[in-house]
Every structure is written in C-alpha cells, then in structure tokens.
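My questions all concern the structure below.
Here the chain labels run A, B, C, D and E in written order, and each chain numbers its own residues starting at 1.
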Amino acid sequence: MNLTRAAPWPAGTAPFADPGETELLELSLGPQHPSTHGVFRMNALLDGETVVRLQPVFGYLHRNHEQLAERMSYLASMPFTDRLDYFCSLTNNWAYALTVEKLAGLEVPERAEYLRVILAELTRLQNHTVFLGFLLGDMGAWGSVLMYGFRQRDAVLDLFEALTGSRMMCDYLRFGGCRCDLPPGWAAAARLVVDSYPGFLDEMEQLLTENEILRARTMGIGGVEAKRLVNAGVSGPLLRAAGLSHDLRKVDRYGIYDRFSFRIPLGEKGDVYDRLMIRLLEMRESLNILDSALRDLPEGPVINPQAKLRNFRPPAGEAYGRIESPKGELGFYLISDQSPQPYRYRVRPPSLINLTLLEEMCVGAKIADVMVILGSIDIVLGEVDR
Amino acid sequence: MNLTASGLLFFAFAVLTLGAGTAVALVREPVRAALVGALCFVGVGLLYLWLGAEFLGFIQWLVYVGAVAVLIVFVILLTRREDAGGETEGGRFAGLRVLGGLGVALALFGALAAAVLGSGSLYREVPEEPMVLEIAALGRELVAGAVPPLILVGVVLTVALVGGVTLALVERKPDA
Amino acid sequence: MRKLKQLPGVGLLKGMLVTGRNFFGSYRNPRRLVTVSYPEQRLLLPESSRNFPFLVYDGNDSVEGLRCVACKTCERECPSGAIRIVQARDENGRPAKHPERFEIGIDACMGCQICAEVCPFDAIKMDSDYEHAATGRTRPMVHNKLRLAKSNTYYHRIKPREAAEVDARLEMERFRKEEARRKREEAARMKKEAAAKAAAAKPEAPENS
Amino acid sequence: MAVTIPSDAAPPPGRTSLAFPARRPGLTLAAAAGVLVVGTTLLVLLLDRKAPGILTGAVVEALAHPATAPLILKAGVLGWLAEGWGLGEPWLGLASISLSLFTIVAVFMGLFALTSIVERKVLARIQNRYGPNRAGLWGLLQPVADGIKMLTKEDIVPAGGDRWMHLLAPVMLAVPAFLVLALLPYGPGMTVVELGVGILFFFALGASAEVAVFMAGWSSNNKYSLLGAMRAIAQMISYEMPLLLAALAVVMLAGTLSPTLMVEAQAGHAFGFVPQWFVFTPWGLVGFVLFFIAALAESNRSPFDLPEGESELVAGHMTEYSGFRYAVFFLAEYIGLFGICGFAVALFLGGWHAPLPVLDFIPGYLWFFLKLYGLVLLAIWIRGTMPRVRIDQLLAFSWLFLIPTGFCVLAGAALWHFTGGGWLGWLVVTPVVTAPYFLLLPRLQSAEANALRTYRFSEE
Amino acid sequence: MTDPDRLLSLLEAGLPGSAGRVRRWTNPGPSGQDALLVDPDAALEVALFLRDHPELQLDYCSNVTGVDWLPREVTESVTTTETVGGETKEVTKKVTRTEPGYLEAVYHLYSVALRHGPVILRLRAAGREAPAPLPSLTPVWRSAEFQEREIFDLYGISFSGHPDLRRLLLWDEFEGHPMRKDYVAPDEDGLPAIETAAAKGEANR
C-alpha cells in the first residue's frame, strides 16, 4: 500500500515546458507539519522557492462522521457536530438544529432565538481572534499575537463553560430551542466581555495594520477575483474580501438576524491582507449585534414544549439548511424516513470547499507564501475530513 | 634536524594542506571534494599565519574559504546530475591514462621545484625579527601607489560577475 | 491612491510599542496573566462545568440509596456507547429496581451529558472532577458502580443551584405521588364505605317492605 | 478567578510535586550566595599556604580597585604558580593563556545559559504568561535541565546522509563563534588576543559559517534541510556586505583594524557629558542601525530567521539534528550573537567607556557586558514582535537598501572626517547618510503595498 | 422564483428537447424544497442553462451529495379488470413489488447574484452494484470537484468528465465504499470487540 506516492503530474503542466531546465523539487508539506492547522498535506512541486504545482491531499482525519450519524438517533449526533469545526461548536450545533427544525417543522421560542444569535456571534468573535494568532504564527511572529488572542478568547470560553458546561464542546442547542436557560449573572458577564473586546481590537490593529513586514508578506498574494470564487463555491470572509457582498445572515435572514442592524465589510483585492482586515472589521460588527441582542434579550421559555427529546421521529422528507459559520457557508442535508435515525446525513464543509482554489492561489508564489495563504483560508481539519 | 616547536607546527600545516589538496582529487563525492578543498585553503591561511603575515592569512580565509569554497559548492549543486561525466574507471586504456597523468604531474612538479631552487630564496638567512606590518602603511601604499591596478582588478571582477549572471539568465527560458 | 502617510519602519516601531507595553503590563498588574501554576493553584470551575458522569445516592449507603433503577435509557441514548448496565435480579429471579453492575468506560465517554439529560429519575449527573489519569488503558478506565456513586450532599457541594432544583422537583413529585396515593386510598375507602352502607341499607330495606 | 491553595499545604495525595519551587525565594538566594563566598575564601586560604601572601594579597588588591581586578587576579595567580610550584617559562605562558581562555569561556557559557532562560522568560512576559518557573528558583536551573535533556536525547544521523559531514557541521559552526570572543575588547588591556587585524579576523571567521551551514543542510539528506541551507547561504552572503561596510566606516575613522584601538578612539566626553562614541555621530547612528540589522540577519535571528523558518521549513538545516549536536547548533547561534553584539558595542557604543564621566567608578568590563546584554535584550524584544521576512524581500532589502546605505555611511564618515565633526559635520553628513532611507526604501515596497487600503460596507 | 413548475416552463422554453427528461420530484416533508429529477444524459445542458439564464443565474453550487436508496418493498393497490366466471368487474388487489435500489447525486444550486435558491437537481444512476457513470458537473461549477470526488470515494458513483477523479478521503488502494447502506467494515484491528451497547448494535432503538 503506497501512501506517499501522489498521482503523477499531468504532463506539460509545469510552466517550463521541459523540466530538464532546472531540477524541480517535489516536496511533501505535511501531514505532520508545524503550520498546516492539523493533519493536512500538500504535494508541492517547487522550482527553487517558487511553487509550480500544488496538490492538496485529504483524509488523514477522516472518521466517517456521516456514517456514524446515520446509525444514531438525531439527538445522539448533536455532540458529534461539536467536533466538526472544533473552534465553533455552537455554530455547528445551530446549523444542525436549524436543518432538523426545517425537516420537522418545529418553531423556536423568542428567547432561544436571541440566545442562538448571542452565542453564534460570540463564537465568531473567538474564532476570528484565534485566526489572527495562527496567521501571524505562520508568518513567524513567534506566538505573541497568538497568546494575546488566546487570552482574549479565554474570556469567551469561560462564558461558554458557565452556560453549556464545556469550553469548546458545548452541545447546547436542541431541536426547537436550547438545552437550559442562562445561569444568574451570565448576561452581565457577557456584557463585560463584549465591552472589553474593542480595546483588544484596537491593540491588535496597532500591532498589525501598518506593520511593514506584515504588509509586505500579505499584500498581493493569494488573490482571486470574485467571479471565480463564486464558481468554485468559496464562501465566507474570502468572498467578502474579494468585494462581493454575500453574507447568509443578510441573504437567507435565518434566525432573527433581520432585527439587528449590522454592516458587511467588503475588501478590494481579495488578497491575504484584505482577508485579515475583513475578519477584524467583522469582529467589530459582531460586537454591535451582541450589544443590541444582550440589551433586549426577552424572558420566556428556551425550548419548544412540543419538541420531543427521546425517540424523536421527524416526518418523512428531506431538508437542506445552511448558516453563516465563521469559516463560510456551513450546510446540513438531512433525509428522514420517519425512523429515529436520519436516512441520509450530509455536512456541507466550508473549509473543504474553500480549498478548491488553493492551487490557483499558490502557483507562482513562494513556499513561505503557501503557508500564509493556507492560513488566510482558515481551515479546520475536523471539518475538512469529517 | 633540530625540531623546534614552530618547526613542528610548520610540518603539521604543510601535511594538512598537501593532504587536503590530494584528497580533493581522490574523493569520489563531488561535494565532499569541495569541502576538503575548503580545508586546503584553510591550511594555506594557517601557513601565512605561521609566517606572521596575519593580514594575508585572514584575507586568504575571508576570500577563499568564505567566497570561493561556497562558489564551488553552489556550482556543484546547480549543475545537473546526469551529465556529471561518466566514470572513466577501467576501460581499455586504463593503464595508459594513469601513466599519462603521472607524467604530466611529474613534469609540472619538476618545473616548479626548479624555479623555487633556482631562485635561491631557500638559502637566504631568515631575518631574526619578522617584519612587522603596519596596517596604515599598507593602506597608504595600496591607495597611493597601486591605484590603477586596484581599479582595473575591480572592473575585471565586475565584468566577469555580470557576464556570469546574464549567461545564467539567458540559458533559462523566459517564463511563459 | 492615498499613500501611506507615515515613514516606512514606523509601523514596526508601533508594533514594538504594543509588545513593550504588554511586557511591562504583565509585571504591573498580575491579573493580565491568564495562566496559573496548576498543581498548586487551580482555576475555580463554574458550577455547570461537566466532565464525567456520576451516580447520585440519597442517604449515606452508596448501594441502597442509589436513585438508579436500571431502566437503561442512558445506555441506549449514549452516543459513544460508554455505559453498560446489568439489571439485578431479586431472589426469585424477577428483575429488581436497581443495577447489579453499572460501568462507564471513561475513555469512551466524551462528557456530552446526554445521559444526565435523558435520565427520567435524575439518577445520573455530570461531575466537574477531571483528574482521572490511570496507569492502564483498559481495566482502570472502566469505572464501576462503587466508584461512580457519590452522595447527594456531594452533588449539593459541587452544583448547589442545580442540586436544589433537582431536589425541589423530586420533592414535588414525591408530594404529588403521595397526594395521588392518598386520593386513591380515600376513593377506595369511600367506595368501601359506600358498599358497606349499601350492604347495611339492604338488610333494613327488606324488613320494612 | 484562580483559587490559591496555601503553598505549604501538602500536595494532593499520591502525587509528589516534581517541581520544588522554593518556599522562600529570598532566603534561598542569600544562602546560595553565602555558600559561594565562604567556599571561595576557604579555597583561597587553603591554596595560599603553598606560597604565603601572594594570593591573598592579590585578592585584597583586586577588591581595592575593581577596574582592573581581572588583571590583578591573573597576575596574582601567575605569581603564585611561579613561587609555589616553581614553574619555568613555557608552563607560565601556557598557564596565562589558559587562564584568560578559561575565564572567557566560563563567562560566555554562563551568559549563554542565562540568555536561554531570559529569552524564554522575556518572550513569555511579552505574551502575558510566566515562562519557565519550575526548575529551580524562578526557573534559573532551566538551562541545567535543558542541558541534561539534550545530553540524554538520542543523537540520530539520518540514513543516506553523509555521516562524517553530518557529525562535523555543528563543530564547524561553534568553533569560529568561540574564536571571535578572543578579540573582543572587554576592558583596557583585557583583550585576550591583541591582534593588529582584529576586525579582519572577525569577518574571516564569519565567512566560514556559510560552509558549516551548507554542510549541515547537505548532509541531512532531507529536502527541508537543503532548502534551509540554500536560504542560509544566500542570506549570510548578502548580509555580510552591509556588516563589512558599516565596520569599514569605523575602521576609516579610527584609523586601525584592531578593536581595542577603536574603543580607545571613542574615549573622552564632549561638553562634559556627551560621550564621544561613534553612535552619537550621524554616520555612526545610521552605521550602528545598519550593523545591528545585518547582525540579526547574520545570526539568523528574527525577523530574518528564514533558514529555520518554523512555519515552512520545520527547522531548516537543523531539522535532522537531535540530542547534543542540536544543542551545539543552539550554542553556536547564541555565542555568534554575543560575538556580533560585542563587536557592535566595541565599534559603535564605546566598548568599556562609561556613558557619563561620573559613572567611571563602575569597572570597564561591566559596562561592556551591560551594553552587550542590552543589545541581546533588544534582539529578544524584536523576536517577540516581528513576523518573518520572505526570502526575496530579505535579499532585495539587503542589496537594494542596506548596501547603498552602507556606501553612504562610508561617504558620510569621510565627510565627517574632513568637516572635523561638530555642527557643520551634522549639517553636511545627515542628508548624505539618510538619503537612501527616503529615496530607496519607499520604492522598495511595491506601490500597492504603500497604498492605504479603504474598506467599504455593503449598502443594505 | 425557484418554484419547480416555473423552472420546468423556463426549461421547456429554453431547451426544446428537455420536456421528457426533466420531471418534478415532490418533497413529502414540511420543508417544501421540491427538486428536479433530471435524466443523466440531459444533465450537462440543463446545468449550463440554469447557470447562464439571465433570470436564474444559478452561479453557486452549494452542496453535492450522494444518496444510497436501498431496494424497497412497495405495496400499492392495483385495480385490474378481469373476467371471472363470465362477467368483468373491477378487482383491487394489494400488489407488493420491490422497487430496485439506485444511487443518486443531489445538487443544491443558489444564485449569489440574484440571491435566490435552492434549486435542487437529482441525478439517478441505475443499479447499485455497478452504477452507470453520471456526467460530472465540475466543468459547470468548479465547487463540485471535491464533493464529486467524495461521492466517488464513499458511494462508488463514477463521474464522466471530472478533471481529476480520485478517492478524496480514503487511500487509493481501499476496497469498497463505506457510506453504502449495506457496507460492513472489515474487522481488521484484531482486538477483541469491547461489547459496549453500541457495539451490540441495539443502542438507540
């Protein structure tokens, strides 16, 4: 069984017609590599430092999550959705719950909708905070920005632990609402965290936006124009960095996002610097949403009384639901045949599909840029390989 | 043969230099040959130091070990593997080739030896106090006396460098 | 295209300023340091923090007081199949209302608290104790009934608010069951009296007709 | 919200706490210092019985005027050897050389151990965490722990790699790094080897580092190592030029190639308090900045740590090294950094001269090491902040900006010499020296990178 | 805008030959997402039409999924007229016939430009043992590239016209397609099976 040998390169793809000119170096980056955000491997064909060909190889973290879900009840696969994109467990839960509610036609009470928006925006905040740290780490900044990000993110994770019981594996949403109500004093603590965030963002912007080395390392690399991004199914901050206003919170208006006034930041060139800045600006917009959501959080039940917890059998049929997760468009496609197990359970992974144009972004760039471009796409291998 | 400490040192440096020199020819691996060559240059530098010419010794190290050795290594790396020359081991005229090589070597060595013995420098009395080099004087001498040759050498070097670079560029097909 | 108004290199200096401020800041007020030196200092976990399940028992006898009635709901609902229950049999072989063996493989358990959520008798709750390192990979990782059982007072100590809620609910149920039982007895007694009165009424009726 | 268990509470049962954080740090430190002082005095008295009065006399005199304490002590020991042991001429010469070498190696190995822990503590504090504090008091024994770990780790030579070259590479890198230390002017008359051509020796040894790095990269039979080695050679060659030019300017002004004389050329204070260091001249300031940037690049320190760029080349030419030879690479890098910073201090920051005349009572060699350590801390601070430069930007930065600046610094030094310094000097030299900064640097970055990006918000 | 009937009428207008080959598939569930059942040979031109039509502009293929439909017993009452003993009368009998299983590729299309969707296309590959290759829609939407490779890997449907059809997640020498309903994982780790509830297979009934 030859695991290492990748597919032979289709003939004539290297810019040099005859590789005899200079010897091309075939380098396998990963799967055990310090900056591939998990077990991800790229077969790169290098001419000196310049990338000539780049072939991503997947499957090192494949645990067949979908087959597991098809042999378990709807409720039992909710904790497994935490492990898809393990940085944003609450948005994974929401996408799954949203699709099952669409499948079974369940209503969600008012307070639960507000809680979902608050938790999703907190998840987006901590995901983008940690993204900054990893991107700077890829560029060699020795983890300083990463540690500032972790320190700020820790406050958000403490909020999650106080509410759901676990920092990263929350398993908090149920079909038709949330599992339990807020502990006393949680909203006030959330208000404190939200108020402390702008200070952190100002500090980060002073450290990053005018840093000459960072601008030189990120500007002008990894850019692809919007039309090709849409055709390749790319979604999330990458699309908005290319100047295309496509945010599912505004397009699908799922949940109660239409009640909050927030803006969608758009970039100019779609290169790595724009992707970095878009995420910084998105964090500020999330803070606006959190302000208004925390202010008018209504009282009331957190779960739809008719929703059954055990032996939940949605009517036969199928549904495709999608939300704007911090990585992009996270979708669930469920087919039910009225048995307690879903007949077909499919996750639409934004991290995997955002990698479609990785080769196009990297060809011609240097080997050091490949790491920065991969970092700017912000992938998590739990979601890529499922 | 009264073996003084410095005599012993000279003998060691000489063996080091000559040994490294012959090793360059004999070692099979090209990269190892380049590095042993660097060792030979270090030996020559040591000989200068033994003679008390520190300036010349360090210049020898700076120029040869620092630049020429690395240049040779780069040349070995950048040339392609396949046409590194077939092995001329064995074959019909092996004997003849060895004899020819020896002959040329002996002729060369003979000419060198004759020149050195003829110059009579071996028998001159070694001055008791080695001449102490005054750096500033050396500087003034270089700048005042030998300006034209200095500039000429610089120009030749630059032309050679620029030539080499353009050759390398032309050879690579312009990127599509 | 507006040009960057500052001199090249100034951005780097601003960055140095930020890291410098953080360096001296970390000495000025130690609250900025998020990490604690673990074995000596420990972070205070919030009340609802969950790691591994434990069985609750009332009173002080860990075997008799177990609330678990071995209904195997949690075994069925557990996503990673970590729970194994063997129902006890009383002397003449009929299934009894308590588990003979209740084992949780804490290497398989991912602490998702679905067992605590679905348990109809509030018999299994989530503990926030995380120090379960063991030397073996198979045997020591399976916690048996004795090791899992913890008293209700322990439950009150680690999760006061939640435990109080559960006790109130159990009290309410017990009260309602008590109420229902008394009402049933009342009804039975009323029926018996009525029957007795009716019987008493019948013997007179024949005499005076 | 950390709850602190009183430190004297017994550690949880069944788990002995491996670390032994000192209960009362102050007391431990005082005890250690006390033991050290008493031990040395006893040793001196014991040894003194061999040739009475010489050693103790030297120690007393050294304490009397600390400025030349090391010289006095050395003379005392030599005298003690001659009297007590009746040694002849060859042995005394050997003893004096070995005494100097031993102190230099001990001092710099101590500095290396200190820096390896200080670097991790400073980086930690920049990132708002504690840094190693488990091994010994405040983590001071961490270098010992690292050393033991490195000694016990298995030392792997990759199959297919060139065995002898793989074993020889770290030695080829560490030896020149140590040799350079012999030239640094620690104090008046305290240069270990008084060479007339010190600076030239420094550059000759610096040049051999490339060969060593190449040997490491080539013999590891690993693609990452090869890439790392090629990058290291390209970087070192292109950053040796600015280093050379900056040093040449000082050589021109000081009129000598020996670092000791250069430091003496920077003696004295103008207007009573401004020291005559070269760094306080326009060409000197720019020259020092140039020298320091090139020094960072020569010793592969961030933001120029491309050869062992973690994020892409794993550990560059050091990927296939493990065990003690990896530690030797680590050692070579630090000693190389000390060497270069030492030269920066000698050339630009006035070696052993005190910044203010009133501070002259502090001995010269302390000033030298204070300034050296200041530069090392600056390098650590830079490492904690800046991301890495890409290979082509690195080379373009050197060839298109640093080297032209180097030539301008040379020209500036010449102008400074002819205008005789002072206000006229400042007026004439400053524009010449800062011209490349304003003319070349903006052009170096692509126009696009200079533009300030504007971000619009979608209308709905 | 994306109501299947309206799409069918647009398709008739635009692609004359597509009448018989595109049918409406109704979704029994409450989510109201009906689909278009497209014959494999018409798939490519229908896809191009849907992407380039000015009113539709479905330029974003969000999700491509494989579904494995097992053979199902379908009991339906069949009314047949028979002559029994001379006179003909209606007879309704319960007939149970097994509908053959098939593999299906489902495409969810959205329009980023006009902000509407989803339009769902269903392509069926006859037979489960040796499914006929389906036309790949990667030339139309590049986002289908990885997802079609995943369907080929986990379900076994081969896509003709796919630029680089290899297994996406599993290694190339892996036999079998794990997501098939009737897939049994070979027990190759040799460890004694830990009989937890899940392993016994009767969990979550």
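List of remarks:
The working rule: a contact is a pair of C-beta atoms (placed from the backbone, for glycine too) under 8 Å apart; a residue touches a chain by one contact, two chains touch by 3 or more.
What you are looking at is a predicted structure, and each value in this text was computed from that prediction instead of being measured.
The central chain of the assembly on a C-alpha centroid basis is A. When every chain is reduced to the mean of its CA atoms, the largest separation from subunit B belongs to C. Centre-to-centre separation between subunit C and subunit E, using Cα means, comes to 43 Å.
Averaged Cα coordinates give subunit C a centre that lies 59 Å from the centre of subunit D. Each chain gets a centre from the mean of its Cα atoms; for subunit D and subunit E, those two points are 68 Å apart. Distance between chain centres (mean CA atoms), subunit B to subunit D: 33 Å. Annotation for subunit A: residues touching 2 or more other chains are 72-73, 76, 144, 148, 151, 207, 211-213, 215.
The residues of subunit D that reach two or more other chains are 126-129, 384-386, 445, 454, listed in rising order.
Residue positions of subunit B touching 2 or more other chains: there are none. Listing the residues of subunit A that touch subunit D in their complex gives 25, 27, 29, 33-35, 49, 136-144, 146-148, 151, 207, 211-217, 219-220, 245, 247, 250, 263-268, 273-274, 277-278, 281, 366-371.
By the touch criterion given at the top, residues 123, 126-129, 223-224, 227, 231, 302-303, 305-306, 309-314, 383-393, 445-446, 448-449, 453-460 of subunit D touch subunit A in their complex.
Only residues 27-31, 33, 59-63, 65, 67-68, 106, 108, 112, 115, 118, 120, 141-147, 154, 164, 166-171, 173, 178-179, 183, 203-205 of subunit E touch subunit A when the two sit together in their complex. On subunit A, the positions that touch subunit E within their shared complex are 1-3, 7, 58-59, 62, 64, 66-67, 71-73, 76, 102-105, 228, 230-235, 239, 244, 246, 251, 314-320, 322, 329, 331, 333, 335-336, 340-341, 344, 346, 348, 352-353, 355-357, 385-386. Taken in their complex, subunit C has these residues touching subunit D: 1-5, 8-9, 12, 15-16, 18-20, 22-23, 25-27, 32-37, 39-44.
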